[in-house]
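Letters A, B and C mark the chains in the order given here, with residues in each chain numbered from 1 onward.
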Amino acid sequence: MKKSLHNFLKFTNFELERLSKFLFALMGITFIANLVGYIYTPMKYMGKINEYIAQNSATSEQAIQQYGPFSFYNALNSFWIVGPIALGISGFIFYSFFIWYREWFGKNTFAYRLLMLPIHRMTLFYSKLVVVFIGIFTLISTQMISLFIGYPIVSAIIENTYYVNQSLMEAVQLHPLFLYLFPLDLGFFLTINAVGLVVLLVLFTAILMERSYAVKGIVLGIIYAVVALTLVLLPLFLPDLLNNHYILYGSELIIIEAILLVIVAVLSLFTSRHLINKKITV
Amino acid sequence: MIELKNVHKHFGRKKVLDGISFTANKGEITCLVGVNGVGKTTILNAIMNLTPIKKGEITIDGELMRPDLYNKVAFIPDVAIMLPNMTVHEAMDFMKDYYVSWNCKRAKEITRFFRLNLTEKISELSKGNQAKVNLLMGLALDVDYILMDEPFSGIDIFTREQITDVFSSRLVEDRGVLITTHEIFDIEHLIDKVVLLDNGVIYKEFNAEEMRETEGKSVVDVMREAYNR
Amino acid sequence: MNKYIKLMSFLLLIIVTLTGFGLYKAQASSPYPELKVVTTDGKPEYIEPFHFLGFVSDTQNYSNSSTIVFKDGHSRYMEDQTFLERIDFNYNPQLNDFITDHRSFMRGKSRRTEHYTETEQHVIYTGMESDVYWNQPSRGLMTIAVLNKETEEEETFSVSLGSDGSYYEVSATYVNYPNLTILAATNHSTDISEQFVYTFDVENPTEELTETINLTQEIDSNGGVYFGQSFDRTERFIPIQSVRQTDDSEFDYTEEIIGYFAFDTQMQELIDVPLFEEDTLLFADNDKLYVGKDLGDTIELHEMNADDQNLDLVGSIEMATPTIGREEGTHYNNLFNQNITLLDGRLYAYETQYSDDISRPLFQITDIKTQETLFNGTIEPKDMAKHDSTNIDVFEFRLDTLNN
């Protein structure tokens, strides 16, 4: 047991080492783009205001009426903040595939070495899974830290007259993206992450199917993903199938969903274990 | 002893192995020979559980393959299998981290023997040196069995000589070696046992020395016989 | 340890940042204010039947807002409920109580309070099939379900209101067990929605509901027929208001009250109610009918004899403000008296008060016989110095005299 844990930590560290360049790049892009956003967006706004005042010899009240006041939320809702988040999300969707396929399709076939390591092959599976999550959470943390740096920058650039004194938390809570990324509501945050975990488990299983059965495996993988999705979504259609929208209580639906997610997760783990131990091909 | 019993393997509808049974013993060099595509590499992959078999059983000293047996059997494939951006030194560290059978002293010896630069990245090495790194990763393990897949393919003559030397050195000593090659000349004199494959079955299994002594035929002669049938 | 340096550093970064964020969030959102009942007149215990859902918000920090449940004189924030409780939460206090007390009975039934009537022994549900499943053409089927609260026995009937594909909307069901008087609207013969009164006998069930009267035709209303809000629905009389609609433009119209009526559920007849020159109020309580003359600061309350329509003065009730209870609520569009009602000899009134842009609910409870004010007051944060910018808005309330 202790040895397995040791191997798991060792391999996770190794995988993280391999991810780090990609992760540092994403963190860097996030920081730099955000910083540009914290400076450029409010400056652009102030530029517009000043130009309006100068051209129309207007008062600041009239300028506010024309362009509205500026809050930290306005800075958050710009391309410079949303862009890196979108990049991070797509980056990690890509990385979830890449983390497996690079072992086969890289310059060297590292899959040979990995599969011949004297450790349980599921250790590789768990490590890759955990590393994807560590990557995602690192980016979330980066984004959080960046907000705390950006908040005083924005308030310093915008003149008091035009600034809506909104707390950082208020601005974050208003933004729909952060509702999904940040632990603003613990129940919701855990749900999102649990769903994310199961999606990743299904994806990894489908990848292992492809790695085990080639073209037939792609079909199998797609069928598996569709079946898993159907199984999880089925309870949502129960009211329609039973001609009654109130046949299940919301809490019951959540519990059924949670059970189904666990079933899909366990099924994926067992399938993956079987595939990686018995069926995978270098 | 590595033992294959009635091993079957298909690629789609194509039968690659059709009931293969043979043994490779400790202290012997067993050579799997046959033309390209006959299933030699598949057999090695199957022994290492790197590809599933349809039917049959493969055991190592009577046991089915399991993770800790990778400390007992090493496989040296004919492709580079360490990460290209690792230096030779890092690759050795990686091996040391995971394999209890990794022998540091021997690893150093081999690097000296092959004259490998430890600080060089694997991707920057010549093909011959990459093959040597592959050999290093397998030979520095204190294992009972070593499987080698086409160790001479695409290698220059001098490297080939160096690799050949390995077979007669104490790096192999009393281990069991299972090797596939279709370039038999280089090591013919070192081989104990030959398993000749044809069309997914074993055409002939014989002791190379006995064959030479009793029938006066070299391994290549037997191969020729098989393919000219 | 050095071996895991990358792993440890990333984990540390995540843990420190998330914990820091959590702490920052906790200190940024000050805890929701504790609320207290402030009694201007009378005794605080009389407010207990007022059961409401409200919204507590901070005008200085709008994200620090929450829904509140006020029940039995105490308040509880939505945040204090468990995750699963919150998911099952209905924005209606009565439905929440029903679901808590009769979970199995409530399964598969609509989530509209007008479909339920509770008596001491029973909970009666009258909802259309289309109220629980609206993805198919209406079959005009009504589900009537009766729950015996003591035995937990349930009896369900499926009755037809007509099979021409019209949709029906149940406004209320009055119960004089085993007789039900069901108010439902449909538009099956004209473009205008028509209000019907149906009856049903739980002990002698029929396959079709018996139509007693077409109120829209009977009252000759071109505009609308509205019913008085009742939190009890065991009264003998159903207060009815007839309004005339005048189109002001293509998108807008004004309404004018043109008459008051009462439907006698025992005699099954419509009674004309005389109008005062001043604003008229009409209430039903148990087996009595009351008419009020709205004088602003006071309401002159009369008991009306259903046979000869004679009025007997009960007394003059002093109101906490000139408008309390008489500003029409807009929660339900076919109900009047949404903020004022008579129940078991007491008048209950509610209104939202504003001072310095801060809103507070104002409640009044008066005994109609003695005209004594039993309660007059509001609800506000316990610590007013700390929460002087807190709004309290009521968005759904009921009177629960059965359980209080």
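The rule is simple: a contact is a pair of C-beta atoms (placed from the backbone, for glycine too) under 8 Å apart; a residue touches a chain by one contact, two chains touch by 3 or more.
The structure displayed is predicted, hence computed values, not measured ones.
S.K.: Taking each chain's centre as the mean of its C-alpha atoms, which one lies nearest the mean of all protein C-alpha atoms here?
M.R.: A
S.K.: Check A-C against A-B and say which one is joined by more contacting C-beta pairs.
M.R.: Looking at contacts between chains, A-C has the larger number.
S.K.: Where the centres are mean C-alpha positions, what is the separation of subunit B from subunit C, in Å?
M.R.: That gives a centre separation of 83 Å.
S.K.: Based only on mean CA positions, could you tell me how far subunit A sits from subunit B in angstrom?
M.R.: That pair's centroid distance is 44 Å.
S.K.: In subunit C, what residues contact two or more other chains?
M.R.: Expected reply: 3.
S.K.: Which subunit A residues sit where two or more other chains touch them?
M.R.: Only 10 qualify.
S.K.: What residues in subunit B touch two or more of the other chains?
M.R.: 97
S.K.: Quick check: in the complex, which residue numbers of subunit A touch subunit B?
M.R.: 7, 10, 14, 18, 106-110, 112-113, 115-121, 212, 277-282
S.K.: Which residues of subunit B touch subunit A once you look at their complex with the stated criterion?
M.R.: For subunit B paired with subunit A, touching residues are 45, 48-52, 67-71, 75, 77, 79-84, 94, 97-100, 122-123, 137.
S.K.: Considering only the defined contacts, which subunit C positions touch subunit A in the complex?
M.R.: Those in contact with subunit A are residues 3-7, 10-11, 13-14, 17-18, 20-22, 24-25, 28-29, 61-63, 83-88, 99, 103, 106-111, 132-136.
S.K.: Residue numbers of subunit A touching subunit C in their complex, please.
M.R.: By the definition above, subunit A touches subunit C via 9-10, 12-13, 16-17, 20, 134, 137-138, 140-141, 144-145, 167-170, 173-174, 182-184, 187, 239-240, 243-251, 254-255.
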